[in-house]
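Both complexes below contain chain A, partnered by chain B and then by chain C.
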Partner chain A sequence: MDFYLGLAQIVGVHTLLGLSAYCVLLTGQVSLAQAGFFAIGAYVAAMLTVLAGWHILPAIVAASFVAGVVACAVGFPALRVKGLMLVVATLAFGEAVRLFFFNFDYQVARGEVKIGPAGGEGFRQIRFFPEHGWSTLDVLLFIWLFVALVMAALWWMDRSRAGAVLRAVGEDEVAAQSAGINVTAVKVAAMTVGGLIAGLGGGIFAHYTAHIEHAQFGVALATFAIAYPILGGLSSVFGTLIAVIFVQGFLIEGLRFLGDWRNLLFGGLILLAMNVRPRGLIDAATIAAIKRMRVRNREPGNARTEGAE
Partner chain B sequence: MEGSLQAGILTAARRGKPAKPVCLACRIDALMMCYRDHQGPGFDAEFKNFTGPDPQGMSYFQFIDTLQSIADGVLFGATYSLLGIGFTLVFGVMHKINLSYAAASIGAAYASLIVLSVVKAPAIFIFLLAGLSGGIIGGVIYIVCFRFIPQANPLATLMSTVGALLLIDEIIVHATVGIPVPYPALFSDVIVNAGPFTLRGDLMFMFALGCLSMLLLLGLLYRTKLGIATRAVSQQPAAAQLCGISIPRVNGLTFVITGVVGGIAGAMIGAAIGVLSPLLSLPLTTKGLIVTVIGGLGSIPGAIIAGLLVGGFENLFQYFRGVTERDLYVMLLLFAFLVFRPGGIFSPAAGRD
Partner chain C sequence: MLELKGLSKHFGGVRAVDSLDLNVPQGEVFGLIGPNGSGKSTVVNLVCGLFPATAGQVLLRNEDITGLASHVRVARGVTRTFQNIRLFGQLSVWQNLWVAQNAVEHRSENFLRRWLGGPGRAREEIDRILEFSDLSGKRDELAGNLAFGEQRRLELARAIVAKPALLLLDEPAAGMNAEEIDQLDARIRKLKQDGLTVLLIEHHMELVMAVTDRIAVLNFGQKIAEGTPDEVQTNRLVQEAYLGVAEAA
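Up next, the complex of A and B:
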């Protein structure tokens, strides 16, 4: 049972990470900096609870805020460039953050032991959950509360004008601009929201793993962050969730019985998925089909055919 | 002062046995390699206590060492140039990123080792074999990652190349049980003393080989029909198609050509470092992309110069700031370029995406 609870925790945190990339991807930008924001959130939240003695709730909110501010600051210069340039710029930013934490040594003597992030050895003393007697289930509920909040907020945003604006910029920047949309503002806003979500996820991640080090926030995590929304499809927030469950639950945990061969299958299945469904597992056509089905069930014999593609 | 003493011993050690400066694996990524593969006690001490050269004034020897580290870096930078050329060519022709490129290059170097162990041949053929296997891998990557995915969807091909990257890495891990494999270095016993400087034979050979492959590539692009077709597709795909050039064929051949270049680069990296490990592929991907952007997207001369620049720059900062901070300064160099010269050293002509 604990195994499944742990898996659900991982899925929750990775969903937050994927949703942070989803926001940015909606505007057509590929950002590999999400792992960097995630790392900032993780380190800030952990330092607040361990070194400053805060409660986890204000700590992760503050961490999320810090990551959001950094994302906003990164957004302005980074969004001057497009396409591959942006991919490389954000990749370099993420790596720079990781290298910063690799060299970041801020240890405070607490009694006989020194606590705090210790450069390459990582940050070891994050014990908020055990110290406050939270059970695995409590942690799980805590994580999924935030996942549900973020998903609800994004789902609502998608249905509001803001979502339409984001997608307009993502589909055709020039058209969006000529329709009077301030493209830079929209992109920076999306980046900031992405940073906020990634920081939140990072703060939670630091507390449930209890040990963070720079190597966890490398290029691999950054690619996973964009992989979830791309695999799941950008048409709905649920695509990201399904992709996380597919990757973490099925590809990583579900195929463990294959032993070493699992890792081989992992890359191969991503390849296959992209060849078979280039627009993601849940694409616009799928959503249109689901909508049609619902309409048909409600009013038999009066199926709407518009909205496909 | 203590720091300067340590640095002095360090540089002395480095000068004494130039075949292996610092931990050679760390040339690529100290962070990954040293924690997992190279946990030697000697290295660890150096890694933790690195203080850099004496900050109070530059002595003559420090000046020489600085120049020496830049020279070593520029020589190694030839591999970055080759990787940058691969990224930039694919981008020029298809306007797509092939993230699996560095992994494929490392994979080709592995494949050349396997072939060499079956066919008894002189060690110099390893570069040829690596190039050949790189070409084959490049062609396969084009078919599985690009051929059947709609061109208009950049995210899908980005993701499929990530899949290929993971797949190649895992195949290597699977085949080698995750243990780094020694790679033969040519002329590693040759050390040329030029005044106060020492030049490593293997690095010089690598540099010469890199220059040779770049010249051959430029000849191919500017002197053959295939080169004309490639450049036509990269400049005006629609017009090229109207002239009867088959775009999928040119795209596929571009992948084969970049694969050959990448295979040679992979072999050069293996020869310079002395070992091959799948852990090299992600850091090399990052470096190759940085070189591509600094050089200017789609510009081959830009990629060559940027590769040498990045190589020299990172080795300079490795000398001054230690191997853990080295890459931070490379990122700063990239940011400086993005802010002050977003088009790179040789920005492409206006009007192109």
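Up next, the complex of A and C:
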């Protein structure tokens, strides 16, 4: 049972990470900086609870805020470049963040032990949950509360004018600016929201793993972050959730019995999924089909459904 | 309304637009014609701010807008359509117009309501423009799934929804059939009635001659003639630019 609870925790945190990339991707920007924002959130939140003795709630809110501010600052110069150059620029930023934490040593003596981030050895003893007697289930609910909040907020945003504008910029920047949209402002805003969400996810991640170190926030994590929304499709926030479940639940955990063959199959299955569903697992056609089904069920006068019954 | 003063755009050694002076009076439909590659589309791109001018000025209502970004010019009342249609294909017809509602009166709206609220009072205005563009039945269709003529109409609608004072139409009749061109003619006349100034670039001469008040003719980035449709039609330089000099004959 604990295995599944742990898996659900991973899925929750990775969904936040994927959703942060989803925001940025809506505007057509491929950003590999999300793992960097995630790392910033993780370290800030952990330092606040461990060193400053904060409660986790304000700590992750502050972590989210800090990551958002950094994302906004990174957004301005980074979004001046496009396409592959943006990928390289954001990748460089992510690596810079990782190397910063590799060298970041800020330990404080508490009694006989020293606590705090210790450079390459990482940041151990992030013990807010066990110290406050939270069970695995409590932690799980805590994580998913935030996943649900973020998903609801993004789902709503998708239906507002802001969502339409993000997508418009993602489709055609020239047309968007000719339609009066301030493309730079929209892209930086998307980057900032992405940073806020990644920071929140990072803050939570630091506390359930209890030990963070630079190597966890490398290129692999950045690639996962961007792979979720691409694999899940940009038509809906639920695509990202389903992609995380597919990757973490099925490809990584479900295929563990295959041993070394798993890594080979992992890449193959992602390729297969992208080929079979090029616009993502949940694309516009899927959503249209779901809507049609709902409409049909709602109309009892529909001759076809009556005939079927 | 619109005044170009010595406007130039050079791409490397190519002088796409070469110190062009042009005055488009308020409330007129002004035609800009010329052979392919004469710099017409470049003029539109300079006026709407897609790329910076090499030299010269663009004045709107006597204010210099040469250095302003595209979206700021939209707020000042300059909108455009594209020669090769550029819609937001994955958005619905209605959303295409919703994102383009950037008129000043909308900007002053409450920030949260404008960005995170539902359609609200934007709806009536959009419905009116859909009606005008004969797209009312298609409001929830994805723009990418529309037929060609409908896409052209939607692009015009998107340019109108921001409440422009000056509308730049870059070959709006390209690829249209005779009936659609008649409808376009009627729409341009209606927009003129409503007080819009229109800069029309078009190869379809029948439409240009019928709908414009004045015409300027470009060749190799320079203005070679300007006048009423009748004057331009009989101008020898214009005939040479289009048909070539009759030297071999």
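Here, the second predicted complex is superposed on the first by the 299 of 309 C-alpha atoms of A that agree within 3 Å, B and C clash if a C-alpha of one lies under 4 Å from a C-alpha of the other, contacts with A are read in each partner's own complex, and residues count from 1 in each chain.
Assume a residue touches a chain if its C-beta (ideal position, glycine included) is under 8 Å from a C-beta of that chain, and two chains touch if they have at least 3 such contacts.
For clarity, every value in this text was computed on a predicted model and none was experimentally measured.
Room for both chain B and chain C is found when the two structures are superposed via chain A, with no clash between them. When the two complexes are overlaid, the chain among chain B and chain C that reaches more residues of chain A is B. Once the two complexes are laid over each other on the shared chain, residue contacts for A:84 go to chain B alone; chain C is not touched. Judged by the touch definition given at the top, the superposed model places A:162 against chain C, while chain B stays out of reach.
Within the superposed three-chain model, A:93 lies in touch with chain B and out of touch with chain C [touch as defined at top]. Legend: residue contacts after superposition of the two complexes on their common chain; A:284 is shown touching chain C, with no touch to chain B. In the superposed model, A:179 lies in contact with chain C only, and not with chain B. In the superposition on chain A, A:10 makes contact with neither chain B nor chain C. Contacts of A:171 after superposition: chain C is touched, whereas chain B is not reached. Of all C-alpha pairs linking chain B and chain C after the chain A fit, the shortest spans 8 Å. On chain A, the patch touched by chain B and the patch touched by chain C do not overlap at any residue. In the complex of the two chains, the chain A residues touching chain B come out as 25, 30, 77-78, 80-85, 87-89, 91-93, 95-96, 98-100, 102-103, 119-120, 214-215, 218-220, 223, 226-227, 230-231, 234, 260-261, 263-264, 266-271, 273-275, 278-279.
Looking at the complex, you find that chain C touches chain A at residues 48, 50, 69-71, 74-75, 79-80, 82, 86-91, 95-96, 98-100, 102, 114-119, 122, 142, 158, 162. Against chain C, in their complex, chain A makes its touches with residues 156-157, 159-162, 164-165, 167-168, 171-172, 174-183, 284. Those residues of chain B that touch chain A in the shared complex are 31-32, 35, 91, 95, 97, 99, 144-145, 148-150, 153-160, 162-171, 173-174, 282, 285-286, 289-290, 292-293, 297, 324-325, 327-328, 331-332, 334-335, 338-339, 342, 353.
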